[in-house]
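Have a look at this one.
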Amino acid sequence: MSLLELEQLKLRHGLLEAVRDLTLSIEEGETVALVGANGAGKTTLLRAIAGAHRPSAGRIGFDGADITRVPAYRRVQMGIALVPEGRRLFPALTVEENLLVAAQRRRPGRWSVDTVIEAFPMLARLRGQRAATLSGGEQQAAAIGRALMTNPRLLLLDEVSLGLAPLAVEDVYRSLDNVIAEGATVILVEQDLTRAAAVADRVVCMLEGRLVLEGAGSELTREQITEAYFGLRAKPEVQA
Amino acid sequence: MSAPPLAAAAGAPARIRRWTRLSTGFTGGFGLLVVAMIFVPVVFGANTVQDMTTLLTYLLMAVMWNALAGYGGLVSIGQQAYIGLGAYATVWLAQHSVNPYAGMLIATAFCGLVAVPLSFVMLRFRGAQFAIGTWVVAEALAIWVSLDNALGAGTGTSLSQLDSYAPSSREHYTYWMTLGCAAFFTGVVFLLLRSRLGSSLQAIRDDEDAAASVGVRVVAGKRILFLLAAAGAGAAGAMTVANTLFIEPTAIFSVNYTAFMIFMVLVGGLGTFEGPIIGAVVFYFMQNLFGNDGVWYLVALGGVAMAFALFLPRGVWGTLEERTGLRFMPLGYRVSGAAGAAPEEP
Amino acid sequence: MTWVNDVIQGIMLGGFYGMLACGLALMFGLMRIINLAHGDIAVLGAYLIYVVLQHWNTSPFVAILPVLPVMLLLGYLLQRLLLERSLRSGLLVPLLTTFGLSIVIQNLLQQGFSPDVRSLGAQAGSVATASWQITSQLSISAIGALTLGVAIVIFGGLQLFLSRTGPGRQMRATAQDPDTAELVGINSKAVYARATAIAVAIAAIGGMFLAIRSDFYPYSGPTYLIFAFEAVVIGGLGGSLWATLLGGIVLGIAQTIGGQINPEYPVLAGHIVFLLVLLSPRGGLVNLRRVSA
């Protein structure tokens, strides 16, 4: 049985259908890269999995249980953690407080303030600093660390490289490699296709709310992904 | 405004209309009703005339509060400032030998004028800050007036200059004045809503920042509503003193008026044109039937307002409009065309 | 020297206003709700203490002990049953809901307790009337000093709660970003309910002092709501908790000095200072940005 099962998921933004009839399964231990142009529905999908966006139709199953109606904070306790787009640290709280606040209801596991700082050494000297004063890369590290504090089974990462200097991105992915190596299930949204294909077992491409391509990172060619990303392949139902 | 042509598969382009048969009929009927109401004092006795005056005063208050809150998104809990100001200005003018009825009109304009500098202060705020700011202004005015001995200080004062009229004439003139004010201000709101300002206000209500970003002059729009509501409330205050003849600061500046306005507009339908009118009628009947039941009546009033706020925020009329899609007044645009009539965009 | 006395009296009065404002500030800071029934809730607390004193001959300071858990529960229910719903519907609805609630509370009190004016000063004993004469023109009343002291303890306690405890941290996080708070496992509804419970309980303590310092009757609420709100705004909406206490003190001083100028002016003086602060570009003592509520 898959860890995460999405069935015919429909997500709306007001009157706009952001995600349509999406069906997808994620196995435990997999790393899945979710790619697609802006507006394809990736962030909305991750938020729906995390519980921040109520589906208008469809079903979300986690570890066999139907969590479609389960509120976000409960899903954290079940083991789903989202690192939101834009980091979204609590600005007036210190780094340590940001980590601690996520640990209120955490699941048993190896992540604690100390182990998180071990995994992201740049945070060591930033413990007592207010989150708003951190640089982009530091914030990203703290945000991932905050999600890890809940000891998640499923880690959702939304655009962790967005707005970061290349060196910072390197750092983030290096730390991420360790996390992934330990067997976590990860869905990451990533604009950088090379990186996505490199780190992921499977690549899923979305376009205008639909799933248009799916396959192992090693099997899909760069060309295939690009075509799907931009919707360049002629779709049968539209005649010029 | 021209309609965008529909897809090539359809035939004729779509039409946009403002008037439908229903709204034409209704507006016409409404106008006839106002004209008919002119004859009330001729047909009915003194009690009814006074009652109707009271009803029309409530209606005016409700329409004005709705203009501010429903169309401008500005919740004021201090409109009683202008009610009191209008009433006291009328008395002051009468004390200075101005004909009382002329004085009422001047007092109305005066309230609008006073609101101009106030608007520059108050419109910097939204939401709760605005609300309490308006309340403090009302309270401050009440205290200030109650310190003035010429205006009767804390014990109050009366519009004794109206004694020069025979009672029935006075009642009639007061009634017609109130009808005139209510019709005037309601008419102004109607015209405003049909104008470009109306669409701007809708945009402001939906998303102020987005509206500003497309060039809607947000503060100017709000200011017009602010001044209008002030003048209207001032008129209501002037009518009140003309109807009751005696006022004192605690009562005429009382936040209870806000409670009544909120009740009327919430029940009738916030942000609709017809809503406050319906709410005023409902409130008027409740006052007549239960007003003497004292405290439980007020509890019920508050409870009903809360219930509507929580469960039926669009009020009776708003919910009706939503469910049926009927529009009795020509305040929106109807799109129809070859592809069939689309639902109205308000 | 009388000015010094005025300032000192004003500071102690400010402690009282700050205490009344504390709950209001907490709810606003966390949920952006102005509880228009806040003053009436304080008066309700006073009436509940009065009820306890009917059955138990003791001082209000003791009578408040059983009242506090009741108020905590009332606050919790207020949030979960009423305010939670209105939070979802935008800015108008909480204002209207709490306004309706205010009317309901006032009139229920009127129905239950008659419009008679009461005071709990007598039951408070000598504390209500004692004072220390420092110099010929300067005296400090026991109740004033006690109110200020309790206010400082309440503010300090609340600040400690927010900065050092888990639930307090959750509250701060939820105030800064309720959406993300849910995503890290915080049940924001429970956090809000806790905050309202605390706010209502603190309002009850304010109500106790209200009833001892002066008299009260069912419609006393709105007057104190205005003072509480003025204190919050003068301190700076969106500022720290201590700013609210400071705002209360400024208001207290303004009122006392206004009263010196003319015994009919104290409240008006407060209103004027409030409006002046509202007019100023910073919009508040400690606030550095305009908060659009």
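Letters A, B and C name the chains as they come in the text, with residue numbers starting at 1 for each one.
Just so we're on the same page, a contact is a pair of C-beta atoms (placed from the backbone, for glycine too) under 8 Å apart; a residue touches a chain by one contact, two chains touch by 3 or more.
Here the structure is a predicted model, which is why all the values come from computation and not from measurement.
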item: Centre-most chain [mean C-alpha coordinates]; value: C
item: Most distant chain from chain C, judged by the mean position of its C-alpha atoms; value: A
item: B-C against A-C, pair bridged by the larger set of C-beta contacts; value: B-C
item: Gap in Å, rounded to a whole number, between the CA centres of chain B and chain A; value: 51
item: Centre-of-Cα separation between chain C and chain B, whole angstrom; value: 33
item: CA centroid of chain A to CA centroid of chain C, Å; value: 44
item: Contacts with two or more other chains, residues of chain A listed in rising order; value: none
item: Contact set on chain B toward chain C in their complex; value: 69, 73, 75, 77, 121, 124-133, 135-137, 139-140, 143-144, 147, 255, 258-259, 262, 266, 270, 295-296, 298-299, 301-306, 309-310, 313
item: Footprint of chain A on chain C - complex, ascending; value: 166, 169-170, 172-173, 176-177, 179-188
item: Chain A residues within the chain C interface of the complex; value: 50-52, 71-74, 76-77, 81-82, 84, 88, 90-93, 97-98, 100-102, 104-106, 146-147, 149-150
item: For the chain C and chain B complex, residues of the former touching the latter; value: 28, 32-34, 36, 82, 85-86, 89, 91-93, 95-97, 99-104, 106-108, 110-111, 222, 226, 229-230, 233, 237, 264, 267-268, 271-272, 274-275, 278-279, 290-293
